[in-house]
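Have a look at these structures, which come just after this line.
Each of the two complexes below includes chain A, the first together with chain B, the second together with chain C.
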Partner chain A sequence: MEQFLSAVFAGTASGSIYALVALGLVLVWRGAGVINFAQMGQAMFSTYVASTMIINGYSYWIAFFVALAVGTALGTAVDLLVMRPLSGKRSSAMLASPAMRGTVPVIASLGILGILQAAAGMIWAAEERGFPAPVNTLGLTIGGTVMPFTAFDLFVIGIVLVTLIITTIFFQKTGMGLAMRASALNPEVARLSGIRTSSVRTLSWAISGAASSLAGLLVTPNTNLSPNTLDLILIIGFTATVIGGLDSLPGGVLGGFILGLVISFVNVYSSPSDIFLAILALLLIVLLVRPQGILGSKEARRV
Partner chain B sequence: MLKIENLVAEYGAIRALDGVSFTAAEGKITTVIGANGAGKSTLLRTISGLERAKSGQMIWADKSLIGKAPESIVRSGIAHVPEGHAVISQLTVAENIEMGSLFRRRHFRSDVKLAIEEVYELFPRLAERSKQLAGTLSGGERQMLAISRALVSRPKLLLLDEPSLGLAPLVVEQIIQTVNDLCRKSGLTVLLVEQNANTALAVADYGVLLSLGKVVANLPAAELKADASLRAAYLGY
Partner chain C sequence: MFKHFQKGNAIKSLIFFALIFYFGKVFDPYNQGQLSVVLIYFIGILSITLLTGLSGQISLGQGALMAVGGYTCALVVLNLGLSYWQSIIISAVVSLIAGWLLGITAARLSGPYLAGTTLVIALAIPSLATRFESVFGGDVGLSVDFGNPPEWLSGAIGEIGYEQWQLFAILPFATIALFLALNIFKSRTGRSWRAVRDHEIAASLTGINVQRVKIFTFVVASGFAGLAGAMYGLRGIVGPSVYPVSLSLALLTGAILGGLRSIAGAFFGAALVVFLPDLIDKITGGWELAPQVGDYLPAMVSGILLILTVVLNPAGIAGALHHHKPRHK
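Up next is the complex of A and B:
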């Protein structure tokens, strides 16, 4: 029973981080039609900034918020400096063909990932370093009994839940959230309604950058930090979006939690070496039974 | 007043508008009629900035519309209701309407509220269904919603593309009458594109007949309606 509970808590905590990664991916996919492979590279970079600040004596929380700001700025910069100029290049026949219009930004995001990883290696050296957690990462003890979860698990779950609630309120209750949904669903009608869709697109990149830098801050206390450590988190987050539905924000979040729990249970009841087999099996089942993902819409896949 | 001069627009390799000139008089309904492929939709899409003009001029309120983006053209008082009951079906009725007023919210908060109340008064069926997803509406209700979305931006010029498309005659009558009332009571200028020439000419003040991207007639609606030879040559009845 204790083993079961600890698997549930650990799975929910890591699942909530995957949910954040998926949230970032779905935001940019819906808002800009791009799978952003640079996303966790951006997160790695902002986490390194936080790590450097902490090493230099700043408090965790100052470093935390600076990292979120850096993540937001990186997301904005990727859109303004790379994606927007690329989408304006209609003059080249190669870029104008429909197939290339979808492919070029993805290749560009891979390029950005490469640049960020190389830059981090040059600035901070490529060896792995630890990243602190603001609370204890060992089993929590209440009244003499060791709980099946750590204080950090609770911290991660709490902060992600607050983030998800704020995001939901933003999208459902504010004018800017409505503008973002409208632009993603039907850019033409959105523009005719006076919504500045290119600014909305930049905002999607910015929010996605913030969400993924938060994921970076929350995952590195357990994985350590190096220019490549977050690659794996991107792959899991991407799998989560495919399982949940690439065009659905709740779907991506759900996919993240499902994957977190599956990985945690395989880890506890089988062996860590079976984790990827389990992920692959889950992915195959979802793709066979419901190719658009659990909450994804069928139409989006036709494009 | 909207003044179109020598407008040329291309749709791929096809010259969809081949030197179109006419004016839409203030506070009047001007209808653009013509067969399928005459360039009617391209004309509206070029005015609202969705398509780029190859050459020519478009003057609205003494300013050129050439090169402006749709989101700034709607701010200058031109609202476009594109073909096919263009609403966002995954959003609710209320959200679709709110969407059209978002850009005015900061400076005209109270007027935005008033504008939304007005469209609900105009189309009470939408008020009853405000919480429903737009995708669950009937074709006629969707057209009403698309027009409402445009009206809450407080346009001076309404561009309506084939509002009768796929709708029952009774519903068409109701929608056309509503547009007519808006024009007569509040001085809205209307540019109405229709394939259904009879319906359009019945309420319009002026008629512009397009054929293969060129204006072949530009007459008061009554005269255009009475001209049997034009009708036979270009509208096929």
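Up next is the complex of A and C:
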């Protein structure tokens, strides 16, 4: 029973991080039609910045917000330097067909991932380092009994919930959020009604950058930090978005929690080496049974 | 594929064979080994050229199919005791079947879905090796090799070094792969793949069964990847560390840099990916770089080249060379 409970709590905590990653992926997919495989590379980079600040004596929270700013800046830079010039090439022979329009930005994002990992390796010598948590990561003790969750688990779940609430309010209540939803729904009509769709695109890259760097900050206390550690998180986040539905923000979040629980149970009841196989099985089942994902809309699967 | 056998393709393949054979004679052992890797990457990249360049389906998991080829080859060599070339052929056939299974799933997917799914496959397949350790040898892997050069060959061309024999064992298969790819490119099959890539609906209106073409593309491409993977393993070890995700990404990088829609581009890309670290080493040799900068420089350069190619010169090296000629699109 205790094992079960601790699996549930660990799964919920890591699931909320995967939900953040999925949120970042869905934002860029809806805003720009690109799956950003460099996303956790950006997060890795900003987490290294935070780690370096903490090592040099700055407080956790200053480093935390600087990392979010770096993540935002990286997201913006990726759009302005690579993705926008690329989408200007829509008429070239290589991008002429819809199949290739989906494929080429993926390749570009892999290039960005390579550059970020190489840069991090050059700057920070690629040694694996730990990353601090702001609160205790040992089992929480209440009234003398050790709980099946840690203070850090609660911190993660809390901060992710706050982020999700803020995001929801942003999309439902603000003009900018409305503009983003309109551009995702129909860029042509959005442009005609006076929305600057290219700025909206850049904004979705920026928000996605911030969300993923938050995910990086929250996941590294448990995984340690090296140029490649977050690759796995990206794979999990991607699977979460496919399970939930690539074009649905709630779907991505739901997928993140599902995956968090599944991985946690595989970890506890089987062995960690089965995680990849579990992810693959889950992904294939969803793709074969419900290809648009749990909450995705059918036409979102751009053919 | 074979109906449209063309004399020109046979001649091109023979010239290729002769050129590589010549380089194999004049290179030093280190570069003979590198040239072997170029040939293997060439076959691997051809599988991406066919899959992505010709039919518009992306795969980030060709390394996993190489692993299927490699493990099949090692298991056949170790358990059935067949010779290396028999095992290579069996591996290619088994990879065709694996590609068929993959293709059934993949034909329903496109763009980023396909990219992500194949990436997950690239991660999951090597972990099977540790899951079923008794069969696949776990993290250590299985050790296999090409054996010794046959006497008739060393009798004909003189003493053959270890690296040289690897190269000469790989060369015939690379030549056959080249010949097949050339034929596919110019055949009715290749044209139907291109039609599916450019416009699925239009393709289906001309009577092409789009799903079947997509699956068939995966089957053929997997055959190439499995062939490459078998020989990649025969260089010494078949294990998870031989077929990491980065192998899949290196192949894709080579395919893009060389030119995604060109067979010559596949070779340029393979050569570039393999020799880039040596080249950078040579250039920066006198600069006294910090070791970690030197370690990551090739990855940095290929990342930058990848983005520059995609944004500025999508047709790659081959496209830039053939800019003035009318091209097959």
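The working rule: the second predicted complex is superposed on the first by the 291 of 303 C-alpha atoms of A that agree within 3 Å, B and C clash if a C-alpha of one lies under 4 Å from a C-alpha of the other, contacts with A are read in each partner's own complex, and residues count from 1 in each chain.
Just so it is clear, contacts are C-beta pairs under 8 Å (C-beta built on N, C-alpha and C of every residue); 3 or more make two chains touch, one makes a residue touch a chain.
Please read all numbers here as calculations on a predicted model, not as lab measurements.
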Does chain C touch more residues of chain A than chain B does, or is it the other way round? C
Once the shared chain is lined up, is A:Thr197 touching chain B (first), chain C (second), both, or neither of them? first
Thinking of the overlay built on chain A, is A:Ile279 touched by chain B (first), by chain C (second), by both, or by neither? second
Once chain A of both complexes is superposed, is A:Gly114 in touch with chain B (first), chain C (second), both, or neither? second
Per the definitions at the top, what is the overlap between the chain A residues touching chain B and those touching chain C? none
Which residues of chain A touch chain B in the complex? 175, 178-179, 181-182, 185-186, 188-197
Chain C contact footprint on chain A (complex, rising order): 29, 34-35, 37, 82, 85-86, 89, 92-97, 99-104, 106-108, 110-115, 117-119, 121-122, 125-126, 231-232, 235, 238-239, 242, 246, 273-277, 279-280, 283-284, 287-288, 291, 301-303
Touching residues of chain C toward chain A in the complex: what are they? 52, 56-58, 60, 105, 108-113, 115-117, 119-121, 123-124, 127-128, 130-131, 197-200, 245, 249, 252-253, 256, 260-261, 290, 292-293, 295-297, 299-300, 302-304, 306-307, 310-311, 314-315, 329
Which of the residues in chain B end up touching chain A in this complex? 48-50, 69-71, 74-75, 79-80, 82, 86-88, 90-91, 95, 98-100, 102-105, 149-150, 153
